[in-house]
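Down below is the structure, laid out as structure tokens.
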């Protein structure tokens, strides 16, 4: 159910429902994927979840601009700074709280949004810590559905990186005409370290930010050449199912009482 | 042509084109119109202009959140503060300039966006005043196309206000199932003044901001009950034509040289 | 009546009166006018209005620094950024509201102050939207008195621009020794457009900010060479009369009640 | 010489001169003095200095709004926050530096301006530390001329506080009709401390800010009842002489070279 | 080696070394641990690492104030907001970069510092992305040394939470006189969820911020009653070894070149 | 007594005590003193005061980073901007007030902290002006103990400047191995002025900020070559005694009532 299609008196009646704000980006995704890749993926996950949930949950449109300053060396990237992204999410969350909503979920599809997204929900929650029934959660699809993603058959890469096997498969599934498969090449960086993996192919034990153009000439990581439409469909199914499962559970969360 | 469907190397090749950022809102529109009214209208104007212009001009998705703090007393309104809206537009314009674009048009469909929109393009232009070929313009559809709007047959109101005859007609044209015609009532405020008109039905000679709930109980102004699908279609045609005409002219603007 | 000449217990007694904050600037006005042109004009309009209104209305001194960043390429311009000007007006308005004033008028004489001035009064009004008797208005003299200005005999230009026939006439009337008539030359830019007029000689349908040095080598617009002392006197009379008329009406505005 | 009476080409020619920005306030000064007391005093000091210096030094108009938040409990006080005052001075100084000025003096007449004034000139100087010929100085009249003030005959108070013997004498000298002598009463707080003196009658060894309404019911300190027009004239003479002496010396300061 | 014990010419000579900024906090740690718990732990880890590394690495003093707003309901907590903590780290990192340092490590001992710490190093790295040899890393001891921590014998809890078995053991090892063992009780929240674990005892798949007083009445989590001095010593050994290992590797990281 | 060694319930019980926040810096101190000079001095003064006061007063750890932007041209200086330092102190003071403390003393050992320190305590005090028992004081050791400092036998310099006779003596007393006496040379600037003394050797009548590298090549002022361990010990004794005396008095200050 789309909150934006309701009038304000209707919105008033719906304030006890979970409301979902999907978060995308508008940034380079290598030589082979469109700038709106994350937004298209997020839109599709939200669409499937909305279809499954019927009137139980309210959805907002996808916020298509994200925090992508590390991609700004690549033309076409439209980004807001981390600080501004925090403020933007806070104002939107504040509007929702002011309208009476108490269960707010940010469904995220872009890695760069995670840190500022955490800052934003922390700030909003602290500002309203007297509202004991207020829950604000942020979930990024590849973390929320990590096990389900890793279980998709025939995937070579178990971890989502950027313009990679998974994202390419998903756009192939949604909008194949936008994928330039012949240009699909990702960087695989030969960096020997026990603590840090620059291309996200394994987890790091320390945080190390870098501008993306220092990591990849094409702007992609991993093995996009392994992408298929079938993997994309399987990913969407797996992720949407987990998101639906989370939202059903989220709707039942009670107020917390300290012990 | 949608910039977001291009890859970054393609975006790089297209930097000499005009790029259009459509600006909507997510705010109350009376008892009878959906929260996304301005965004739906803006999307449709942009869609028609894009169809007419083919590959000549690049379009971004509509920014669906706007500066609507004066509507926040009505549930469902999602707003960013004016200050934040300025910063948001600036970051997006900065990204476009950094990508090489030099002709940027903000196509606006919400009155509350006008003042912060002007702040934003002023700031961006001043920051880059060494780029003599940089043009940033902001046009609100009812001003850009004022004469054409006033010439639409059978319109009773010559000036667009809020959730009024014009906006209601346009949503009737686009998404009739979202209009609750039986609830369409606008405030018409009996305020006697030679200088100020609170419901926008005639121009004011002084600026006077007010929270919308102090002006209208329903949240609407004017005569939405006079709306028809035909007026909506006529409005879209008239406005889209003017926007296309402007964008064609805009593409030809030269660098200014002082005299 | 000057508020600044009262003690604080007297100010406390006067809080039911309209208070006027005149807004000037300190910026280049071509080769022929002084930097304080807008401030001198604003001071004189306020002086005449004060004389006509007696004890009915309180006046503050003119704020002589304005938002003039688009003039900063010309030496001598002293400007605050738009953002700072917003904050400055907000703090001043906040002080007045805190002192009990509920009718605040910003009498403006500089075009660059309009957009930040609107931002400021919007912010202040929204912050205090529970004060139903609070009115904050911003009027720029050439808009507030547009018809009266256009009716001044022998004026060639009907619209005020910058260091133009009108402003030059007004300084000739006030301080003729400060006008270098032999250097009075304005740019008249041959820009063909159906939507935008860079030198303000006709209204634009889109907003397009530019640094002033990209528009005029002298820093002036229009036809300052047509200025006369008589036109200046006629302008002051016409404008002061309209301002007085507005302030008398403003003093009577009731609380708004939504309908 | 008033910079504001010059055109921009003239200002360009004068950039090697010292420029003076006088700083006042608009705040309560007890039951007996007008809100503009500091501004009136500062204006008169500047006027006398300007008269003595002829074309040697450029003066700006007095900035009549100051940092007076500690007086905001008294109606009529118009104040900007310390933070905003810093930013305001910085923007004005920035404009002057951008116009080519390299000797900038802030002539201050309000105690509350001192700390933010220091913040401002520090920030401006650090931002331009590559300009080795740039000097920015801030002088408050009772410090700059401390010895001369203390030497004025018949003064009972040797230290200037607020709405006190000195300030009252100065307004008596300038605008006697604005002084309500019968209401002139200052608080003299019996606070026993070896480290802190709340009413400024002796120097403190620690800094302790307090809202003024916690220190004085009338809003005044010291002994305003001892004020006379003659003391006022003597104070203006003594202070103006010191300011002139400083400005003459300031004009000769060379670039510093480290040793 | 302590950078703070060097003079500036010595610092200049040492700029090719790794520099470590340890990050603590000053916040409630249950009924049984001191407010400086995180700072004491961080100091000890840094001390051991410094001892092992000799002159190879430079250490700064521990920054004892952290981002602890979620603990502010408990008296004694001294916290800076997340936004301010970001700015604080940025200014410190900026100073180091300005001094010539190119390998900067933030050694963190407080969970609340992680998100703003990431914001800070991201901002600093993006601002200097032209410095290809600049590496800024943030490591939190229980993540950097996760496997080694989990391998400590007899630990019941494998994951560090707050004022828990691990932290209590470590303070027992360092400063036993500061531990009130008889008051050591942690909340263990019976929250059934497949996605979120409020007391950190297992990883969450979504981010959900909460004020700490909504989660625990004592302010502690987990099983502090299981703490022993031996476990504390074992933890310090394990963690310091990993930190040393990381710093030795970090010193060798080359410039990244994109592929 | 160290607040940081207490648990939060203990802190709650101690809220009626004075709490002291010592303020240091991390900045260049000439060729001969360590970067942490001010912090070492502040730590020692606080240590001696704490020893003398027993449980009567609570101490925080020294904040070792200060506002030292004027020293940033010298490598090794770690500084936060004045604006950030204000905000940092405000957040810390806010935490203390929120914990119930009403007597807060900032014990300062760095000149650059004075102006932002005043800004901070002013902001905090104004924000809480309804708390009539709240006292926030800032004392810099050489001002708070000026007479006692000047009375130390055999001191050649009566005024403390930077890396000078006094500071060098104090580090000689504390950590002689960190002093490179053979490199101890201070600039003594031959600037003839009746109003301004760049090297602090006599008081100035105007404020004039300068970057330190424009004033001294070594980074030191005055006569560090005259330093002795004995003078250092005498300084510590004199200053600590005055600080103790102040803190004992401060603990007794009552609420102020206006008269």
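Letters A, B, C, D, E and F mark the chains in the order given here, with residues in each chain numbered from 1 onward.
Note that a residue touches a chain if its C-beta (ideal position, glycine included) is under 8 Å from a C-beta of that chain, and two chains touch if they have at least 3 such contacts.
None of these values were measured; they are calculated from a predicted model.
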Chain-contact steps, minimal, separating subunit E from subunit A: 1
Turn needed to bring subunit D onto subunit E - CA fit, degrees, nearest 5: 120
Mean-CA-position distance for subunit D and subunit C (Å): 28
Approximate Å spacing (C-alpha centroids) for the pair subunit B, subunit E: 48
Subunit A-subunit D separation of Cα centroids, rounded to whole Å: 56
In subunit C, residues with contacts to at least two other chains: none
Going from subunit B towards subunit C, every chain in order around the ring: B, C, D, F, E, A
Complex contact set, residues of subunit D against subunit F: 69-70, 73, 82-83, 86, 105, 115-119, 121-123, 125-126, 129, 132, 135-139, 143-146, 187-189, 191, 193-196, 198, 205-211, 213-217, 245-246, 249-250, 253, 256-259
For the subunit C and subunit D complex, residues of the former touching the latter: 2-12, 15, 26, 28-36, 39, 60-61, 63-65, 72, 74-81, 84, 87-88, 91-92, 95-96, 98-100, 175, 178, 180, 183, 219
